[in-house]
Structure formats: C-alpha cells, structure tokens
Amino acid sequence: MTIDDLIARATLEEVVLRYCTAVDKLADVDDLVSLFTDDAVLDLTGLLLPRYTGHAAIRAFFTQVFADMSHHMHILSNLRVDSRTDESARVLAYVTGMGRSRAGIDIQVYVYYDLTLRKVAGDWKIASFYEAPKLPMPESVGAVHNKSA
Amino acid sequence: MTIDDLIARATLEEVVLRYCTAVDKLADVDDLVSLFTDDAVLDLTGLLLPRYTGHAAIRAFFTQVFADMSHHMHILSNLRVDSRTDESARVLAYVTGMGRSRAGIDIQVYVYYDLTLRKVAGDWKIASFYEAPKLPMPESVGAVHNKSA
Amino acid sequence: MTIDDLIARATLEEVVLRYCTAVDKLADVDDLVSLFTDDAVLDLTGLLLPRYTGHAAIRAFFTQVFADMSHHMHILSNLRVDSRTDESARVLAYVTGMGRSRAGIDIQVYVYYDLTLRKVAGDWKIASFYEAPKLPMPESVGAVHNKSA
C-alpha cells in the first residue's frame, strides 16, 4: 500500500460518493449524468431492469426516477479498488439503497456495485455501472421502477 | 487530491467517528461534550427538537438522552469534506441512528449530518452540528426524545 | 495524523474488508481461513456461540456456516485503529451482519468487532476476533447458528 494507492482510492471513492449524492438529490439530472462517460453503460439487468447506453438513455432513466421518488438515500460501504491502471479502475462496493416513491411505496435494497471508471480529460468518470442484489430483493422495487422503465 | 487532503479528511472523519463512539457509549457525557467547541450549536430542529448552544446546554441534553436510552448505534457513511481552510471545515455525512430506550422503544432514523468543525488550540472540534432526516422519520423518535427535551 | 497512520489504517481496513468479502462469498473457506493467524481465536461468545481456536476449528465453523446460508452481507463501518505498533494493532468497527439461511430464515444483527491483527511474514492477519451485539439481538440468530454450532 503506497501513497499513490491511497490517493487513487480516495479519488475513486469520491466519484462514487458524488454519484450517491447526485442520485439522492433527486434534482439536477445533468449533474448526475456528467459523472458518466459519454459512452457509459448503466446495466441494471441484475435488478431485472434494462441496460442503458450513453448520456441520453441514462438521462431519460434518471429523469423518470427523479419524477417517481420523493426520497432517496444510498449508503455506500465496503468500497474496494479491485484493480487499476492510470486510466482505468474497477471498483466494487456495497450499497444500501433506500427511498420512498411519490406513491408512498418504501424501498430498501441491499446491492453491490461493480463499476469501471475511466479517466477522461483528467477526470475519473463512470464508464460502466453494474449493480445486482447482495440479499434477496423485496417485491416493492419492481412495483416502483419497472413501471417507470 | 493531495496528501494534505487525505490527512485533513482522515482527521476530520476521526472527530465525527469519535462523536459516534461517544454518543453510543451512553456514558461519560464529559468526553462527548469535549468534542464540541465552547460556543458550539447543536441544532436538532431538523428532527423537531430544540437547538442547544454551549457546553452546559449540550451536556444537559445528552445527560437526558443517556438516561433515556439503553442502547445506541450510530453508523457513519458517505462522509464528504464539502470545503475547508486550515481553521474550519464543513463536513457532510449520512448516519443511520439506532437505539432502544429504557422503556423498550426501538428507534431507527436515517439522517444526514451537516457539521462545521473548527480548529481550537490544535484540535478539531465541532462548532456547529445540524442533522435532518434523509428518509421520512418514524413516529418513535418523538415518543422517546421529545419527552426528554 | 501522519502518512504512516493513513497507510496503516488503509492496510488494516483492507484486511477487515477482505474478511467481509470472503465471508459474504459463502465459498472458498480456505481463502477466508487464510486471513487468520495459525493460532487465531475466533471468539463468538458475545453472540452466545462458541470460541474457536486455530485454523482447523475456524474452518469447521465457517464450513458449516457456508452450508447453512444462501446469502450473506456484512456491511463494515465506523472502523477505528484503537492502537498499533509495527507488529500488532487493535481495530474496532461496527458491522451490520445480514443473511438468509437455506431454510429461509432472514438474519440481521448489529454488532461491533474488536480485532487484534498481527503481522506475519509481512502480511497482516487476524489474531483475535471478538464480536458482540451493539443493539439487542433478534431471535433468529440462535435459530440458524446455534443449530450449526
């Protein structure tokens, strides 16, 4: 473990935390989308939802999510840098994803993130985003998000 | 991200962790109060509780909390240093606050902390402490803490 | 707080995260056991379970756990390096331990870890592992793990 490792880890963690903050804000979808590379893949098939490619598709998905939800809280933990070069890194983490829909449905999911981040013009961006349940999913997730998909 | 940033972040996180540890110990209120500046503001209006200013008021509040609760656990996550100088820093974090009152009521709240820390004689202390729900609050919180306020 | 402190903290946290990852994988018990020193003590008396000493006993315990459980998720937080030398460190942390047994029983426990790590041939290993409830335990834990003990 070197100082370089520490700085890299903190820099990568900051991007993932910014994602959580942006998705929990339920506003400013542009800020959220700017965390992804132009060609990013947001793969939600692990949650039985679609796979979205590129800013326009990712923006459309989150625009709908922001319209559906009144509260969001994504608790990040157990973040590990699985591998990295100067230009790319694979980051794994656990997330407890919680929220309430405007229809009054409470959601709580226990998932892991499997992310590839890539350096673009000096900034780390999310190039590929995969998540899947770490614990069995409750029924309520499909009730909220499949409707919006 | 520099080494200085890393050291600052770790130092600030340690203060917040010490707060969680002290509040979860449910004993030694002096140790807990020593984490705050003399003129600190503990603003719980986001939880529909009072705002306390200064060591005496903060000590009185936590003395009552420690008398009321048999268990406490404050899980810290998503800590971000929003801004900082050499003498002051704003720190944001998520906290899952849990406990059981001596009357047998279980509490679980999902909140964020918005803290200002200030360097006093070389040590970082909490100068202002604000928390508010990130997810809708359950009924049980008022049942325990409003009674004690 | 020095760079050495940061590197030590990150190195120790990585071992605890590796433990969580290995125990959540519910496979490859050898990988999990390799995180412990040969003479390690896994003391689960705080959960009203036995105390296991040495690799063979620890392997037998986790072999049974892996057979019993279909899902595991150990969320690590509030990690603190309580004290350390170049060869030994005491690490405290909170863990939310969750899982589902193959019999369909869901478990969720809120515990703290009190660990001693020791450097063995250049690698930090867990020499002593103690955990105990931070919040009152639900009934379901004994239902799953006492049966397997």
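The chains carry the letters A, B and C, assigned in the order they are written, with residues numbered from 1 in each.
The definition used in the following text is that a contact is a pair of C-beta atoms (placed from the backbone, for glycine too) under 8 Å apart; a residue touches a chain by one contact, two chains touch by 3 or more.
These numbers come from a predicted model, not from an experiment.
Contact topology of the protein chains: fully connected, every pair of chains touching. Rotation angle, chain A onto chain B, C-alpha superposition: 120 degrees, expressed as a multiple of 5.
Both chain B and chain C derive from one sequence, and where they touch, under half of the residue numbers involved are common to the two copies.
Taking each chain's centre as the average of its CA atoms, chain B and chain C sit 28 Å apart. Among the residues of chain B, those in touch with two or more other chains are 3, 6, 77.
Across the complex, chain A is touched by residues 3, 6-7, 10-11, 14, 17, 20-21, 24, 71, 73-77, 98-100 of chain C.
If you check the complex, the residues on chain C that touch chain B are 1-3, 5-6, 9, 77-78, 80, 94, 96, 110, 134-136.
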